[in-house]
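In what comes next, chain A is part of two complexes: it sits with chain B in the first one and with chain C in the second one.
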Partner chain A sequence: MHDRVILWSLLGAVLMLLAPWGLLQVLPVNQAQFWTANILGRGIVFGIIAMSLTFLATYGGFISLAQMMIAGVAGYTVAVFVDGAVPRIVGGFGYAVAIPLGLLAATVMGLIVGAISVRTRDIYLLMITLALAMGVFRFIETNIAWFNGYEGIRNVVGPGVFGFDFRNAYVFYYIALATAAALYFGVLYLVRSPFGLVLQGIRDNPRRVAALGYAVGLHRVAAFGVAGFIAGCGGVLATIYNIGISPGSIGLGASVNVLIMSVIGGLGHPLGAFMGSLVFTFFDTFAASIYDRERFNTLIGVVFLAIVLLSPDGLLGAGKRLRRLLGGANAPRP
Partner chain B sequence: MDLAAIITLNGLTLAALYFIVASGFSLIFGLMRVVNMAHGSLYLVAAYVGYAVFEPLYDDDVWYAWYVGLAAGIGFAAVFGAAMQKLLLGWMQGQELRQALVTIGVSIIVADQLLAIYGGNPRQFFAPDAIFGSTQIPGIGGYPTFRLVQIGIAVAVGVGLWLLLNRTKLGMMIRAGVDDREMLGACGVNVPLVGIAVFALGAALAGLGGVIGATAQPLSQGVDGRFLLVSLVVVIVGGMGSIPGTAIGAILIGLAEQIGQAVFPTYSVVLTFVIMVVVLATRPQGVLGRA
Partner chain C sequence: MTLRLTRRSALLGAGGILAGGLSAPAIAQRAPIRLGGLATLEGPFATGGQDGFRCIQMELERINSTAGGRRIELIRESSNAQADVALARARKLIEQDNVDMILGPLSGAEGIALRDYSRTLTGKTIVNGSSGASDTTLRNPSPNFFRFSTDGTQWMAGLGNHVYRTMGVREVAIVAGDYAFPYAQVFGFNIEFCRAGGKVTHYWAPLGTTDFGSQIAQINRSDVGALVVVHGGTDGLAFMTQYAQAGGNKPLVAGSIMADQSMLSARGPHRRVMTGMISAGPIADVIDDPMWREFVERYRRRWLNEGGFQSPSIHGVNYTTNLMGILHALNAVDGDLSGNQVAFQRALAAAAFKAPTGAEVKLDHNRQAISDIFVNRIEERDGRAQVVAFARANAINQTLGTPEAQFLALGAPSRDNPGCVPAAS
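Right after this comes the complex of A and B.
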């Protein structure tokens, strides 16, 4: 089972690697660029944030609604410290310093969220992480001195990478893809390590794991720290993609969107996060021609509701069920 | 001294509104184990529907306009809540996370449709003459009568819920259902029907809060998120499913918000969350929650 997933994932990665080239063959240059950066690239970036949720959900059984907020903490940290951001809050640092600072801040925030929610499970955890996310959101929205309040911080253009400009659609796309691939395979590696196994043990039966002598709380907090780092990577990329960050991008809607992506793709495997985010971005972009641009939220709400009602394990689960129906004996057992 | 009294009174009126809304959330959670993420949407729906009924009557200058609007809002929210339980949530009883996700889906659609129908302009009810204007309170001076009424309604809701839960047959069923649903069903009680009744009641409370809230302060899109958050925090602090706990939680949060805004405006939000974190660290089940 595991080897096959790796194989499929590698195939997917190669496909994504070739996608910009393929798009150039079938679409005019400007449209191919738009698809590369604004649909595939954006999908991958939000997929990274969604994967931080999926990682927690799949291997720990924690549905955290705080992941978008944590991504925002990374984005805001970069925006506050980096040179060239408007308005200048602290400034004076290059991206080489600001980005690691952002990732550190997100990891710490992940650890804090994990520590606060360490004694809760299931829907209680969902409620508490949502409350924390909304608390940070409202704090940032009302704080002018540090976060420029409602308007947010603009002009975070991103660094030059080996002489390439980050604003180039293809440079951005391949950096996002490389980050996503590294994190994705990192997660697959991590969950087979002793730490990952203990985490899955906690998901299945925390009392038994505690009885074996493992510190359940510490493992839980550490898992949230890892998820915080992943979300932070996504947050930094999203901030550079949007050339800045504002409170709206970490509010209730944004937090729920990340959950929607994860659920649409399926919470059973990290791969689902990227499938869900690509579907979401696709709908987001083409809602106008499908239903009504203004009513994108109704459309995505209906899709989300349909998935939850009909196939609670998302597209991944739907695919598996379809294979079972078609493939008979060869299909993987549930 | 005057200022402190006014801040306290403001905190209590806010707490009254929070209690009305959050008690519905807590009630639904207590019996059904459903985290109703659409609770803020019920608040918003009731306020908008109530307003749509209220406005033409108010233009005609009839004295009962507000009361009819109130009834319409509450009624619509109750029916909406009951329908949600009957059509979407009832058949997946026990899958708590999935139910929470369903209510999230509902809240997204409702918020968007409300925006489509009613647009983004803020609205506000005008309280009827009987409870409009201000009342003299010794030691404080004039204070908006409606806010005092708000406290009265919250007390009435609290007492009413207590009587309902502790002195009626339905209340007995609800309390039994909290402890053991299956046993209650085995005793011949129609548990799904009780569930629908509870959902309707909880939604009606959100609706009551919606119309009251939209009379006290302007109503606009996005308020649903605020009241969902308030319900979550109040219930987390007070204890899940406990009505007295919800009252304590509402008073704590209402006072904290007002005091925070008066003393350190930019950081007032933090105070609310400090309370939440302290409660979670010391009593994860909430102040009056059962372990």
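Right after this comes the complex of A and C.
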């Protein structure tokens, strides 16, 4: 089963690798570029953040609403320290320093969120992570000296990579894709390691795992740290994609969007995060063209409802369902 | 996984069809100009965004959607007053819908985000909608970003001098929201008032404050000559209600979004104290100018029965002013956008025309409007409270007449830098 997933994932990665070329064959140049950067690229970036949520949910059973905030911490750290950002808060560092700092900050923030919420579960975990996210959001929104308040920090243009400009749609896309692939296969590897197995044990029965002698709390906090790092990667990419960051990017709406992406895709496997974020990004971008411009949010809501109603475990579940319907005997058991 | 493949290809197919439909060549001899309209139809400024689109539509209907001999096609997009959302929508307009120019956005942080985005474009132009942050054009301006509307600091021009000279007030208390837009407005007031010799005490409150009791108690106990209120929306309503209930009786002066129909049409004790309040801004309900009277009349005829306001909103007027700048330039170059829009942008920079309020508009070297600001008083007219313009400050630039280097040296407005510099320094 696991090898098949790897095989399919690799196929998916190759497909995404060829997608920009394919788009160029069917669309005019500027639209192909738009699809590459702003549908696929943006989808992948938010998929990374959503994957940090599905990683916790799938393997630990923790649903955290703080992941977008943690991504924002990474983005803000980069914006605060990097040279060229407007306004200059600290500045003076290149991207080679600022980005690792951002990832470190996100990992630490993930550990903090994990530590604070270590004794809660289910709806209480959801509430405490939401409260932390909103707390940080309000703090950043009202703090002028460090975060420039409501207007945020602009002009985070991204580094040059091997002589290529980050602002080029294709450079951005392939960096996002490479990051996503590395994190995705990293997660698949991690959950088969002893740490990942203990994590899944905690999900199924924390008391039994504790009785076996494992430190349940420590594993939980570490899992949040890993998720924090993943979200941080997404946050850095999102900040560079948006040429800066403002509190709106980490507010309630953004946090809930990440949860919606995860649910649309399905919480059964990290792959769901990317499927969900691509579908979400597509409708978020084109709903206004497809449906009435003043009420296009209705369409997004209806699509979300339809997916959740027809397939409670998201697109992933829908895939399995379809295979069971079509394939009969050789279909995998759920 | 198989599903993913089919879904993806389905999406691509759908996208292809969509794109094909959008980019079909026009039959007419000259293809239409594609104008992307970006305003907030969601979030806190949704009503302002709707009014922006109302006024754009009205103006396009008036000119039969034709300028410089070419048809204008409007493609609408909506954001929610968040910078990243506005940026995503602007990218969609430019890259997917292939618009020639964008008219928008509505709010301050969005404006700065689009200014940065416009710098990465060639052969495309962004003309502001109604965003009023001064840094959008004052610091790090972009060659592709034009603003024919005035900013939050400019809107206060004439108010400080009026309070000091005409009202004879030497010391005021300022209550203001603790975020960027009020900073800009307070800055604009203080520049004049402090230079004239006035003294100021500030009372800041975060956006969303509901209890102003302690501030009001301090203000009523102090012997300041007037109270300047730079709140807006629900904060403004809460402050004025509590001020009226506490028996406040100081002369009132207000920021540009305080003296507004949204405040005046709400019921409550605040209306009693607001009569006679002085304010400043780019519009008023009543301006003694034939052009404005005609505009208001047309607006009411077109929109009063379709959800419009009694009188066009500040956002509607700003969108109209910026659209007029575009139309003016299109007529000047005869609809010619070739050569990466160089000629068109030059025409934009040189445009000089009259805004719907009758105010003269022209641009400075940062492509920012120099225009007229009105000093207003709230009066009872026709049985309802209206904002009536009684004075007009002509050709106000972004630095309120201060030399630009000197103005920039004052730093960006903030709660620690409210612009109160006496004339001597």
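Rule of thumb we're sticking to: the second predicted complex is superposed on the first by the 331 of 334 C-alpha atoms of A that agree within 3 Å, B and C clash if a C-alpha of one lies under 4 Å from a C-alpha of the other, contacts with A are read in each partner's own complex, and residues count from 1 in each chain.
Here, contacts are C-beta pairs under 8 Å (C-beta built on N, C-alpha and C of every residue); 3 or more make two chains touch, one makes a residue touch a chain.
The structure presented is a predicted model; accordingly, all values stated were derived computationally and were not measured.
Contacts of A:N155 after superposition: chain C is touched, whereas chain B is not reached.
With both structures placed on the common chain, the touch criterion links A:V263 to chain B but leaves chain C unconnected. Touch criterion not met for A:F93: it reaches neither chain B nor chain C.
In the superposition on chain A, A:L126 makes contact with chain B only, not with chain C.
Contacts of A:I144 after superposition on the shared chain: both chain B and chain C are touched. By the touch criterion defined above, A:L252 reaches chain B but does not reach chain C.
With both structures placed on the common chain, the touch criterion links A:V302 to chain B but leaves chain C unconnected.
When the two structures are aligned on the shared chain, A:G135 is found in touch with chain B, with no touch to chain C. In the superposition on chain A, A:R42 contacts chain C only, with no contact to chain B.
Shared contact residues of chain A with chain B and chain C: 142, 144, 251, 294, 296-297.
Considering their complex, residues 63, 116-117, 119-120, 122-124, 126-128, 130-132, 134-135, 138-139, 142-145, 251-252, 256, 259-260, 263, 294-298, 300-302, 304-305, 308-309, 312 of chain A touch chain B. Chain contact summary for the complex, chain A toward chain C: residues 8-9, 11-12, 15, 19, 22-23, 26-28, 30-31, 33-35, 37-39, 42, 86-87, 142, 144, 149-152, 154-155, 167, 242-246, 248-249, 251, 253, 271, 275, 278-279, 282, 284-286, 288-289, 293-294, 296-297, 315, 318-319, 322-323. Every residue of chain B that touches chain A in the complex is listed here, in rising order: 33, 35, 88, 95-98, 100-102, 104-106, 108-109, 111-113, 116, 225, 228-229, 232-233, 235-236, 240, 265-270, 272-273, 276-277, 280-281, 284. Remark: chain C residues 1-5, 7-8, 11-12, 15-16, 18-19, 23, 41-42, 50, 76-78, 80-85, 87-88, 91-92, 95-96, 98, 108-109, 112-113, 116-117, 120, 133, 139-140, 178-180, 206-207, 412, 414-415 touch chain A in the complex.
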